[in-house]
Amino acid sequence: MSAGRPDDGFNDGAATPGGPSPSAPAPPPAPDQAPLLELEQVHAAYGPFRALFGVSIAVPRKSVVALLGPNGAGKSTVARVVTGLVPVSSGRVRFDGRDVTDVRTYQRARLGIAYAPEGRSVFSTLTVEENLALPARSDRGRAATAAALEKAFQAFPQLAARRRQRAGTLSGGEQRMLSLASVLVEPPLLLVVDELSLGLAAVVIDSVFQTLAAIRDAGTSLLIVEQHVDRALSLADHVVLLSKGEVVRQGPVDEMRALATSLPGM
Amino acid sequence: MSQFLIYAIPGLPYGCVFALVGVCLVLTYQTSGMFNLAFGAQAYVSAVIFYTTVEDHHWPLWLAAVFSVLVVGPLLGIALDRLLYRYMRASTTTVKLITAIGLSIGVPSIVDFFFGSSEKLNPPSIAPHAAHTYHLGSYYLDGNGLFTVVVTVVLVVGLGLLFRFTAVGLRMRAVVESPRMVQLAGISSERVSMLAWILSSMITALAGLMLAPIYHDVDVNNFNLVLVTSIAAAAIGGMSNLPLTLAGGLLLGVGQQVLAGYLPLNSILAEGLRPSFPFIVLVAVLLLSPAVRRGRSAPDPLSGCDPPPPPLAASLRGAGLDRVSRVGLPVFVVAVMYVTLFQLSEHYLGLMTEVAIYSIIFLSFTVVTGFSGQISLCQMTFAGFGAFTAGQLATDHGWPFLVAMVAGGFVAAVCGAVVALPALRLGGLYLALATLAFAVMADEFLFPLNDIGGGEAGVDVPRPVLGPIDFGADRSFFLLCFAILVLVSFVVILIRKGTIGTYLAAMRGSEVAASSIGINLTRAKITVFALSAGIAGIGGALLASQVQHADSESFVYQYSLVFVVLVLTTGARTVEGAINASLAYVAIPEILSHFGTLSVLEFALFGFGTIAYVKHPEGILEFQKRSSIRKFNQLRARMKHRQDRPLIHGDDSGPGGAESGGRAPGIAGEVAGLSGAGDVGD
Amino acid sequence: MALLEAEGISKHFGGIAALTDVGLSADASEIVGLIGPNGAGKTTLFNCLFGLDRPDRGRVVFDGQVLDRLPVHRRVRLGIGRTFQRLELFAEMTVREHLLAAERARGGGGALWRDLLNMSAPTADERSRVAELLEMLDITDISDRPAESLSLGHGRLVELGRALATEPKLLMLDEPSSGLDRAETAALGATLVRVVAERRTGVLLVEHDLELVRHVTSRLYVLDFGHMVISGNTENVLEHPSFRRAYLGRTE
């Protein structure tokens, strides 16, 4: 993977420098408060394989940011860095006014970062109910847990019918619903969504995106990694284009629409 | 029926203990990925502390029991988890197994150092009315046995309830599937794993206390034998199912007693069946259970977050260093030979001979583990087959020893192929466990047979005679062993360089890709396993020839465990690694013997070497060599730099990945280190 | 009869049907595409054809021979080569060694005695063939680099070269362009077309990059939820509304 200059096609001034120089992150598009999430010059690697080279991204409060780019651009790595699953090798991660670079994954989850990972994202050996109860039980009593469960089942009636079924036996769409339902049980400040529509039929994708919109309306910010550019753009306020582990361009959705839809591999 | 029950009921306590230990194995394997072969050592610690506090310090039984089960057991579990296990989540099966084996060797040695290694006979039982015999109609069970049964039932039911109905249990089940997803739910997966370790350590301690009275002795070997049977119970449960494990344990315990009851007294079958049970059951499970064949059903969906396993640095040696070693090695060898033959006393000559012979045996690990990545825990058993075959052929049938030795190697190779056949397709953990069970079966059943190990008397093994040359004298025998070592070393090197070595290297890199270019994995694995067993067999024949005797005690499975740990920590990939391991094995006890009581610590040293191994799976020797080569190269580069012209740093081979290669080793090194692996493994 | 004929392939994992009654054929000298959304069962189908998974039902005929329970290495020797979606390289081996190992394995070589007599060094013939392949894939300059230092793009080419070194009649490629940039993808496409022209190799291509698919394939199969929803001439399939619905998730 080349760590060299950004690809010629997109290099029109807005790109961040490749080296680890402490240059300022791209300015977040003007909310009157500090962004909810900020990545500053983040480098990350899987063992010897380097995936991110000085990525700077901001997610303003109550907004939806879409992360787009070709296969292998490092989108999923950004999602994993935000949740703490992959450590940064340099750079900072700030969330809700504090530096969380060295904060562990489970503590970040308690601070309000939720993650719907790519592919199977439920405990397939646990029942639907147990999947929902797992995070909810962290600090509450049984009554609160039961209330949270009911809330989730009201939002997703089709899950209620299968509450004692093992999550692994659900269809792909139902599994995605389940992972979103456990987010809804305790709405986080930020939800990171990684390729949620992978392998889903169009109808199912529609309802998944409706759910995402509902989550946004409830006050949660979203960072969306998505293959389906059209759908991502329909939900997003801001767009970040990644290529080869670097940000090539970012900005409000209206400015980025034309560029994003012309990307290769989309 | 009543006859059946008369045999079956005394088997219940055994079955319960097997079940309990099996449940512990499954519990920790599932929650932390460690297959706890150190069970015996952990149980031993608590049992010894219980024994000492009661017998020497006259604590009341209940206090000693509470202390050893509820304090010592969990503390040990916490210590192991915090210091070792939590950094090993991303480690390979080999590293995990070897670490556990290292602990099983090292910990008892430490215990003996502090509490004395004298026999601890007739340990007290924690059961109320232990000596009382309870009658149930015409069947009876003693107090300790009844207590064991009751405790097991309570514990297993309790564990089941815990798993099914509590938040902690739910978290434990979730951690089994994906520790990372548990973290994403805002729960510390490490704390959950630690809880599992505490729990299983307490049960382990309790099992230790209940087992000791059954065997009338506090002896770590008994615990290890129980462990082997419990492995079979866990295998019946597919390493994951607690109720099935419980049933498996009961079946094994009751089955052994019933079979022993029905079979004619003192017959070969009666003698042999019990110790063979674990091996037979393991093999049967491997062959018959589709669950085991499939492996784990629900892989961690977030495993993509793992960095790839740290690559072994490619050859860093420059031509200059090669030249030095090409000249240096023969000079060094000649010097060692000269000193050994003409300067050393008889005693040290004997030790040097041992070094040569153990080097041969250790090279068999180089082939099987170093080249093909399989773990065998019965190499010393193969050595035994070689020794007994050679001895019988030479002594009873008058074969020349060297011919008998080769025949011994051949027999060992056939044994190797037969043992490996069922387990090879599964590899990893199952092969290791099957070989361990085989080793135990050989120790307890095959080797004591008259036709194999010569019974009580053992087998006489002559020194070789080759035409006019008699190798009876120590000096000439040393020369012969040394010559065979050189020969075997060449074989090992040729294999590594040859087609089979290439295939094995490919297999280590990726089994699926190796088969995708047409390599027959099964054939390659069996070839290498048989070859390694053959080398061990030849080494075993020489070992017996040195002392001119071999019996069933000469090749017990504990040796295999010590050796595998020793060779892997030193370096399983090279001939030098095996020779260095052999030097350590012979020299360290020799040195320690000058320090009186310290000599107990010999096995602690060997065992705790695995802590270094977790950090450097390539072996200490390899690690040292690499860092010194790197320093040498740096030094040379700096000197060159001064002499000629500025050196262009970094890789300049253009776009397309030069950089990722260029900076890789640093990052890889960090990840391979304990702290790095721990962070990623969260 | 086509080079590869698969019919009625079904495969379940647990309670989930990964493939349901799927059929497919591929012939020499043609590039056939297999596309579909992630999770549609493409890799599972590949594994069933290659022998890594055993289908519950259905049969696979290759070159006139029923493959049924044949293990992977036997299928490879019959002439099926393959690359992997997640790179499966031999750590610690250089690029050249990858290809040499495949050359050697193709002949089914590997007698112990040859190793022991030190007669296993690569022959001149093997070396020249490998050099030729390296040249063709334009990776001669990295041929002595160890696998772990390679970029994803180079890794893909090495896998391709390794598969080609087994001289396959049919080459199964699992997302060969993922991780490659535009130029590299284009070069890969050109290489594939050349391989097919020069060696009469058949290619079965799982691919996400529709541009590449449009460019190199003559026929296309579309898999969705384990069902073969549509197949036929590439142009026709790509314009077909049901393809657009299944694959692009767009409803325009």
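As written, the chains take the letters A, B and C, and residue 1 is the first residue of each chain.
The rule is simple: contacts are C-beta pairs under 8 Å (C-beta built on N, C-alpha and C of every residue); 3 or more make two chains touch, one makes a residue touch a chain.
Since the structure is predicted, the reported quantities are computational estimates derived from the model, not experimental observations.
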Which chain has its C-alpha centre farthest away from the C-alpha centre of subunit A?
B
Ranking chains by how close their C-alpha centroid sits to the total C-alpha centroid puts first chain B
For subunit B and subunit C, let me know how many angstrom lie between their CA-based centres, rounded off.
40
As a quick test, compute the distance in whole Å between the mean CA positions of subunit A and subunit C.
32
Using the average of all C-alpha atoms in each chain as its centre, how far is it in Å between subunit A and subunit B?
44
Contacts with two or more other chains occur in subunit A at residues 1-2, 48, 119, 168
Residue numbers of subunit C (touch at least two other chains):
14, 148-149, 151-153
Counting only residues that touch at least two other chains, what does the list for subunit B look like?
297, 308-309, 311, 656-657, 660-661, 664
Which stretch or stretches of subunit A touch subunit B in the complex?
1-4, 45-50, 76, 80, 83-87, 89, 104-107, 109-110, 114-115, 117, 119-121, 123-126, 130, 133-135, 137-138, 168, 182
Flag every residue of subunit B that touches subunit C in the complex, lowest number first.
297, 308-309, 311-312, 314, 491, 494-495, 497-503, 505-506, 508-510, 512-521, 524, 527, 531, 653, 656-657, 660-661, 664
In the complex formed with subunit B, which residues of subunit C make contact?
14, 50, 52, 71-73, 76-77, 81-82, 84, 88-94, 97, 100-102, 104-106, 108-112, 114-116, 118, 120, 141-142, 145-154, 159, 162-163, 165-166, 184
Looking at the complex, which residues from subunit B come into contact with subunit A?
167, 170-171, 173-174, 176-178, 180-189, 297-298, 301-302, 304-311, 655-657, 659-661, 663-665, 667-668, 671, 679-680, 682
